[in-house]
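Same chain, two partners: chain A is paired with chain B first, then with chain C.
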Partner chain A sequence: MNNRLKVLRAMRNWSQAELATRLDVSRQAVNAIETGKHDPSLPLAFRIARLFEMPIEEIFDDQ
Partner chain B sequence: MTKEFAMTPEKRTKMYLTSAVMGFAGTVVAIAGDMFALPDYLRGFAFGILLVALALLLLRRMRDEYIEQLWNAGVSLAFVAVVLAYLFAPFLEGLFDGLSAAAPRQDFVSSGWIGPLALLAFFVGFHVKWLRSAL
Partner chain C sequence: MTSNPDILDDAPPSQLRYWGHILGWSVLLTFALMGLIVPAIAAAHLASGQGSSDDWWMIGIGLPLAAILAVPLKRWMPDFTQGEPDTPRGRKMRSVVGMLVVLGVLVAAPLIIADSATGQSLTLFGNGPVPALAAGAMIAIWGLAVPVMMVISRRTSDEVARGAAEFGALVGFQTFGWLAPIWWMGWRGGLLPEPQVMILFAITMIVATLANQWKRVHG
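After this line comes the complex of A and B, so read on.
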């Protein structure tokens, strides 16, 4: 699944570690999501959407 | 407790991955110990490392999504390996015995090696998933 996580993170000048801390996941999880190697669970996807104050569909794209 | 000693998700994941590496090493040494009759203290140490690593991996597998994925990859490969070995190992041995005209008896008793095979397959699956997601 494609996502804009890396772009959104860069816009806020957050490192992967910082974003991971805010989402209460590991930095490896953030890296795996950004590189498309892992699709987040629904609760995590909602946490991401709430953190960036955007709908899930604007962050993740399944096409 | 000060902040620097707090168990962050990052530290938990590093501890988990370190345990997986140690468990893999312990498994390899334990299997080699049986195959090559290594000293008892070495085999005992390897089993100890393996048990501690497995306990940690089992108890902490749900702490992070990434960890859970690695765990699932390992467990899946271990299951497939066990099923294939259980179903096809006797067949393959029979095929080999037939082709080589060897004595028709069961040389490889699955109960003796399916456990180590499962552990080895688990760690292989775990590390392959880890490396693929890191690259």
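After this line comes the complex of A and C, so read on.
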């Protein structure tokens, strides 16, 4: 699954560690999601969407 | 857009380097503690009047060894953060890793003490007899600490770490399920030596750990 996490993070000038702190996950988890190695669970996807104040489908794309 | 060019280039943390560091440091710590514990036992022998020249050798080698190892131990002490942010979850996970190091040392300690007391070389992964007191102490430490650490680790892992742990556990279980009957039947058919539970345990744990780390890196 593709996602815009890296771009959205960079637009806010956050490091992976900062984003990990805000999502209460490890930096390794942020790295795995950004690089497409891990598709987040629904609860985590909702947390990401709330954090960036965007709908899930604008962050994640299954095409 | 970002004003920090490094933000887009966050490199994935190296699991191999991190665990290699933890393992190497734990080995150093074990030797340093042996350098303190063995001379203490030797000094007790000498004080009781049952000592021999071997006890003086243990003191003469052990204490300088501990003093020498103190320098690299301090210098290369892992920060256990692995580039992770300082959060309550991260601190709990780091405490689990710290407990793992302490557990390894504590489990080895009764054998080292018994080794020194009996004058025999007792190997942790051997099949030779071990004094009942040392075996009981090791069973108690392992039996109580491991379930607690498993629960803490499970409850504080995020979904990526938990997924990697589950993948590693599955691969480890499948390895055991494949290997154990082959070895057992090979033994019954006179083709292989008698199955050794600790060899199966070690192979299972190594394969599970490698699979866990592979999953973390490759997803």
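What we mean here is this: the second predicted complex is superposed on the first by the 63 of 63 C-alpha atoms of A that agree within 3 Å, B and C clash if a C-alpha of one lies under 4 Å from a C-alpha of the other, contacts with A are read in each partner's own complex, and residues count from 1 in each chain.
FYI, a contact is a pair of C-beta atoms (placed from the backbone, for glycine too) under 8 Å apart; a residue touches a chain by one contact, two chains touch by 3 or more.
Model, not experiment: these values are computed from the prediction.
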Fit or clash between chain C and chain B when superposed on chain A: clash
Which of chain B and chain C A:Q28 touches, first, second, both or neither: both
Contacts of A:H38 with chain B and chain C, given as first, second, both or neither: both
Dominant toucher of chain A (residue count), chain B or chain C: C
Chain B versus chain C as contact partner of A:R47, first or second or both or neither: neither
Partner chain(s) touched by A:R4 [first = chain B, second = chain C, both, neither]: neither
Overlapping contact positions on chain A, where the chain C interface meets the chain B interface: 17, 20-21, 24-29, 31-32, 35, 37-38, 40-41, 44
Contact set on chain B toward chain A in their complex: 8-10, 12-13, 17, 64-67, 69, 132-134
Complex contact set, residues of chain A against chain C: 6, 9-11, 13-18, 20-21, 24-29, 31-33, 35-38, 40-41, 44
Contact footprint of chain A on chain C as seen in their complex: 1-4, 6-8, 10, 12-13, 82-85, 87, 89-90, 93, 158-161, 163, 216, 218-219
Complex contacts: residues of chain A adjacent to chain B: 17, 20-21, 24-29, 31-32, 35, 37-38, 40-41, 44
